[in-house]
Every structure is written in C-alpha cells, then in structure tokens.
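Accompanying notes for the structure given below.
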Amino acid sequence: MGLLRVLLLRLATTAVTLAGVAVIVFFVIRVVPGNPIAMMLPPGATDADIAQLTALYGLDKPIWQQFVIWLSGVLQGDFGTSITTRQPVLGLVLGRLPATLELSIMALVMAVVMGGLAALWGTKRRGTRVEGAIDVANGMALSVPDFLWGLVLILLFGVLVPVFHISGRVTPSLDLPFTTNFYLFESLLRLRFDLWADIVSHMFMPALALAIPLAAIIGQLLKQSLKETMHLDYVTLARTKGYGETHVILREALRNAVLPTLTLVGVQFTFLIGGTVIIERLFSYEGLGNMAIDAVINRDLPLIQGIVILFAVIFTGVNLVVDLLYAALNPRLRHA
Amino acid sequence: MSFLSVRNLSARVKGGPALLRRVSLDVAAGEVRGLVGESGAGKSMIGKAVLGILPNAVQVTGGEIWLDGVDLLALPVAERRRRIGAMAALIPQDPLTALNPSRRIGGQITDRLVDILGWARARAEARALELLAEVQIADPARVMRAYPHELSGGMRQRILIASAFAAEPKLIVADEPTTALDVTVQKQILKLIAGMQAKHGTALLFVTHDLGVVSKVCQRLSVLYGGMVVEDAAVRDFFAAPRHAYSAALLAATPKYTDPMASLTPVPEAVIAAVQAEVAAYDGGAHG
Amino acid sequence: MLDGRGQVKRRAGLRLWLSAGWLGLLVIVAVFAPWIAPKDPLAQDLFLGRLPPFWVNGAEPGYLLGTDSLGRDVLSRIIFGARIALAVALVAGTVTCVIGAMLGLMAGFLRGWVDLVISRLIDIWMAFPPVLFSILLIAVLGPGLMSIIIAIVVIDWTRFARVVRAEAMAQGAMDYVASARVVGRGRVGTMWREILPNVLPTIVVLLTLEMGIAVIVEAILSFVNLSIATDDPTWGGMIAEGRTSVYQAWWVLVFPLVTLFLTVLAFSQLGEGLKDRFDPVLR
C-alpha cells in the first residue's frame, strides 16, 4: 500500500479512460456531414483535385484503417495536419495551450482565495448573520454557471464601469517580446510589469467568471467541514490552551477540514477547465477553447480531435494529481 | 480564598432546559476535588465552564467563576482564554480524538509553551522530552516526531497528561480521563495522574461517575444531581457517612474495591423521586 | 434565527415559492405567447432599429423594452424565446433523467459487469469538456431543436447515473432490501419496488437542476450560433447579438440576460428547496 500503489492503480484506469475517449472522438467526428476537403479547395476544383487531397489526408481508406493510422500517429505524437491552416495539429494546439492554462490557473487561484476566505470567515462567525449572508451568496454563485457570470461581468465592469478589457488576451497594438506563449508568467520574469498589467486586465473577468461557481463550492464544502471539525475534541483542547478562535481554525481545524474538500475541488477544477471553452469565446480570448469552436465551425477534423484529446489528457491528469495529493496530505496513508 | 471558586453558576441550553442550577464549589491550591454524578448530572458542564469551552448552544445565565482571584466570566473572551491557557489545563476523556491527527506529537505538547507562555522552542522541546519520560513513555524522542495514529490509546492518554502538566498549571480539569480506556490501562493511568498531581502539587478537578476512583484520588468531593450540588464533603467523611439520601444511595450502588462481590443496591426509586422533587422545587423557586 | 445546533435557520419556503412563481409565470407566458406578445417577434423594421426601452429618451411607444439592430421587438422575442427554452428544459431534462437514472440504478443495484461497463463509460464521459462535446454533437447532428435535445441527453446522462448509482448502492446495502429478497422478490423486482421509490426524491431534485442546465446549454449553443435557425427568437441568440452591440444598445443584452439569469436561478433554487424538503432522505 502507499503512494506507489495508488499511483499505479490510477495510471491504469487513466489509460483505459483515454483509450475510450480516443475511440469516441474518432468515430463521432467521422459522422460529421459535409465534405471538409471540398471546403478547402477554391470553387471550380475538379473531382480529381478532390480525390487527390482526400487521399492525402487518408480519408479514402475504410474507417477502421483510418482509426489505426490515426491512433498510431497519436501515440507517436503526430496528431495530423489541420485542414484549415495546413499546419501540424500538435504545434497549433500546444501554441494555444499556455493561454488556456494561465486562464484556468488564475481562475483556480481566485476561486481558492475567495472560497477559502468565505469559509474561514463564515466559520469564525458561525451562527450569526454573517454566516447567513455568506450562505446566501454561495447559493447564488453556485446556481448560476460561468457563462452567465461572464455576461454579467461584461455588463458591470466592461460597460457600466469600464475598468477591464472585455475581449482578447492582450492589447493588439503592444509590442510583445515573448519567446513562449506563457504571457502572464513570462512578462513577470522579464519584469515587464506594464505588459503584465495589460494581460491581467484582459484575463481578470474571464478568470473571475470561471472562478465564481468554484469559489462557492469551495466556500460551502470547506465551511461545512470546518464547522464539523470545530466540534472535535482536539479543537476543544486547543481552546483550553489559550488560543483564539482564528488560530484554532487555521492551525487545528483547517488542515483536517481541507482533505474532504480537496477531492471534490479536483473534479470541479476539471469542470472549470471545460468552462474555458465558452468563456474564451465570450471574451474572445485566444486559447484552446476558442480555437476548438472555430475548428468545429470549419469542420477541421484533425484539429478537433487533437483539442478534445488534449482536454481529456488534462482532465484525467488533474484527477490523478488530486488523488496523489490526497494520499500525500493524509498522514494515515503516507505512513501506512 | 480558594484557587478555583465557582459561585452560584447557572447554565441552560439556549431556549431549553437548565443544565446547572446555582452550583458552588471550591478547589484550594494543590487540592483534588472529585465531581461525581450520573450521566447528565452536569458534572462535565462544570469542567467545561471552568475552562471556557461550553458548547455554543449552552448559555451561562448567572454566577461567577473565580480563578486565582479573577472572575473569568467578567473577562472578554480572548483574555479569558489566555488566562485559562496560562493557568489551567484539561486532561480529556477520549485520547483517540483529543490529539490532532495531522500534527506531530511534539508540536501538540510544546505549542502552549511557545505561543502562549513565550518560551524558546528549544527550551519547550527539552521540557516536553522531560515530561514524556516522566509519564513513562519509552522513547520520548521518537514519540515527539510521531503522528497520533502511530500510537496506542494508553500512550496517547499519557501524552495528553504530559501535555496538561507541561506548562505547570495551577489547576487541571480531568474529564473522566479513564472512561474510554481498557480496564487494564485504567489503573495505570489513574496512578499516573495521582502521582503527577502529588509531585507537581497541582489542584485537580476530577470529573468522574466512579466513586471508587474518587475514594482513591480525591480529598474532597461534590455530588451532583440534575445540575445541583446535593452534597459537598471531605472524602473520608463522605465514605464514612454520606449526609444526603441520594449520595448514600449512590454509594450503596458502587462496588467496593475491598469486597467487589458484595451485593449492590440500585438507587431506590423513592430517593430518585425525592431528589427530583428538590430540583423541581428549586426551579419553581427560581421562576417564582 | 438559530436552531438547537446553533445553525442559521433557512427560510426554505420562501425561495421555493419565489422560484416556483417565476417558473409558473414563464410557463403561462410561453403557452400564451401569441396573445401576450405585443409585436411579431420576427418582424423587422430597419427604421426602428436599436430603439431604447420605454423610460429612455428616444423610445417609441409600443416597444416596451426597445428593439434590436434589425428593429425587432425585444420583449416579444423574449416572450417567444421562453417557448424554446422551456421546451428544451422539459423534454431534454426528462429524457436525460429517465435514461441516466435507469443506467445509474442498474449499475448501483445489479453491480457486477453492468456496473463495470457503466462506471467506465461515466469515467470516459467525465474526460470530455461538456461544452465542446455539445458543440461537436450539434455540428454532427446539424442545428435544430431536436439536435439540442439529443446533445443534452448524450452529454448529461452521467449527472443522473453518477448520483443515482451511489444512492442505489447505499440503499442496496440496507436491511429492508435483504428482507425483500428473503420474502422472495427477484432482483429486478426489488430494484423497481424497493430501491427506486427510495432514490426518487434524489432523482426529482436532479431533474429540476437538469432543467436549469438544459436552458443554459440551449443558450450557449445559440450563443455560438449553432442552435436553431438564426431568425428564431432564442435567449442565447439575443444575448449573442447583444454582446456584439453592447456599447450601442445595452438593452438588447440586458433583458434576455436577466430573464435567463432568473430562470436558471429559479430552477436551481427550486431544486435546492426540494432537497431541503426531502431532508431526511438526502442527508
């Protein structure tokens, strides 16, 4: 038992899940009506031109052969060539990934900070009007999905009090010295705080929209589990030692209360990443999700496949990390 | 004046029944007082009130708790906690739940010394090691680094005792400290507490339902029924001749260590009815 | 304000009635839309484009909430949009519920290979980003009301299956199930007669929440312009148009957004309110 076993077990189920995703993505997409090849060629192309290009993309072979070719390519890191841009899918996808990752991580940090503070404050003031107000706010935030929060934020901070940018990732006229696509991190490393501020101002609202529902979940769960912990004997014992309520919550209760919350937050974080698809569209943010919607509209099969697989890898990866983190934080598992 | 003096303490469940009815008791410096009664008699509530850890749903409705000449109930919460933390300590009932599962033992013994009393960490750790040895733990250095789940229930209770004595408090509340343990371990722990108390000269408020334990450890005792003190006596006098009918019945219902096979008499219904009438009369008087 | 455990009491009744009231109003508006709507939701009039709502200077009487860039009446479009939203909520919600709950019930109670297959499918489904999955399905199925419903069912059955499976497993471990088996009821009979009634409150709560989700999915798909024929009035389509002209005509975005917001909130609060009502079963 222990970390290694947990890791191996989870890796095995992850592999099965990813294989299932690959099969479904491949076959669902083959049903798409409309000939993508015909759309690539200029009007007036001959049947021979179409046949030649179809052969080039391997679309003339039986579907199971296409699957084998595609899957063996994927396993070697070859996701094929995008039909619309005629560039390798892997490069396109990896080029957009940093934007989406930065957005998701910023949203996660915001959610943890907001939800954590709400839970701690609500626990400290349990049984008072403050807790009641926090419960109502959490309930509201939880009931309404990120898409609607995004629109509300656009109206509030884009139109009514225009303090943040409502579209794009960075002001287009700016000169960008970056070598990677991790603009947020690289601008910090290069000490270009002017660029950093511009990027944050673009990311703030989409990240907040993604963060609000997750913050509510964290706030609710953590508060509930903190309140349960606050009744336990070791917490009472700490009070007799002379500690104030804030210290008792932070040092005695928090760590044990975080564990049950953590697993659920992991699943919820994958929902958050899934939410980037529509939020990026809403805020015209140049990430994976926005690219995915364009790919669907343009019937760019190889690109769609690549993006969906990448999302699936991220999702299962997050769940894997959460499970390991849970095992690592739980002293009973760590020393067993 | 006594080191701990509880005067006319009353408490109730918020919007519910009374739990304590004008309870008064004193513990002199270095004295051991037993607090006995059936479950629900309010004996644990008194210990919790003294240490300022009453549940949120319980509300003190009157009285005073004087600790070293200061009325705790007149202090603001934060100051009350610091004062209690510096002068008093708790030996809890269940050693399995009274240690934080995610913190190492060492930190749970030294935290009060460092944070509340302002000791240097090295001095606090040396003190903790010394105390662990004193409560007869074999490998104190290893235990300091251990997590609670790695230790047995008896070990954990010894650690909690060491932790209670660590800051040399003037008063310790022991809340049924042997109830949750195996019978074989109970005797050792009892002996340990009595030995530590004698050595450190700490006043002890010993909450228990077991008169046998009281006869061994305590000098004075208070008998509770329905949140009222029905008898307050020296242990020797009490066992010779209890004054209250309920106390006498309780004593008759307790097995004798000298003669455990002697037949036991349950508390007679008439005595219960009489003492319940006393409580009711008190409540009537309080409301009238 | 406080109960015996020191918890803040919630006024569950109020939010239950408010949400039910709003949804009831929507149903009436949707059913009687042709009689209630002041204008034809499709009628364009370029001379009356981007008229503000009635209390703003420059408003035209008869167009209470203003018009969009093509001169279509915003209020009438919201009213007719309620028909599509509620139709999707009702049909997609119910079908998803029946299929997902069935699979969850089978997995949780029958266990064995049935559970193995269904659980693995749920795992695979959880690895898809749902919005992208739905957009993809619409691209495959082609736009239209039917496609939206199918997409929602295909994607969201796991919501029911996951919860019902866990619940059925918990119920299956209880004594009353064993005694039903002892009395001689078959496995499938036990599932229908003993387990299903006990997980029903959970299913009802999930169904209510799912209806809210269906409304949102429809709006998202309309927003991405993949839902219904572009002319038809959908709240999502109106929001998409409003988003592009938010600086010139905020009302085109605000009114459908507020309607959608309240509707989603109402479904969710109704679900939460019901959950509190069923308290002993759910907690």
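For reference, chains read A, B and C in written order, and residue numbers begin at 1 within each chain.
Heads up, the rule we're going with is that contacts are C-beta pairs under 8 Å (C-beta built on N, C-alpha and C of every residue); 3 or more make two chains touch, one makes a residue touch a chain.
Computed from a prediction, not measured in an experiment: that's the story for all the values here.
Comparing the CA-atom centres of all chains against that of chain C, the greatest distance is found for B. By C-beta contact pairs, the most connected chain pair is A-C.
Measuring from the average of all protein CA coordinates, the nearest chain centre is that of A. Taking each chain's centre as the mean of its C-alpha atoms, chain B lies 57 Å from chain C.
Taking each chain's centre as the mean of its C-alpha atoms, chain A lies 23 Å from chain C.
The distance from the centre of chain A to the centre of chain B, with each centre set as the mean of the Cα atoms, comes to 53 Å.
In chain B, the positions touching at least two other chains are 55-56.
Shared contact sites, meaning residues of chain A that touch two or more other chains, fall at 126-127.
Multi-chain contact residues of chain C (touching two or more other chains) are listed as 2, 6.
Of all the residues in chain C, the ones that touch chain A in their complex are 1-2, 6-8, 10, 120-121, 123-124, 126-133, 135-137, 139-140, 142, 212-213, 216, 219-220, 223-224, 226, 239, 243, 246-247, 250, 253-254, 257, 260-261, 264-265, 268-269, 272.
Chain contact summary for the complex, chain A toward chain C: residues 13, 16-18, 20-21, 24, 28-29, 31-33, 126-129, 131-132, 135, 139-140, 142-145, 147-148, 151-152, 154-155, 158-159, 267, 270-271, 273-275, 277-278, 281-282, 289, 292-293, 296-297, 299, 304, 307-308, 311-312, 315-316. Within the complex, the chain B residues that touch chain A are 51-53, 55-56, 78, 81-86, 88-90, 92-94, 97-103, 108, 111-112, 115-116, 147, 149-150, 160.
Residue ranges on chain A touching chain B, taken from their complex, read 126-127, 231-234, 236-244, 247, 252, 255-256, 329, 331-332, 335.
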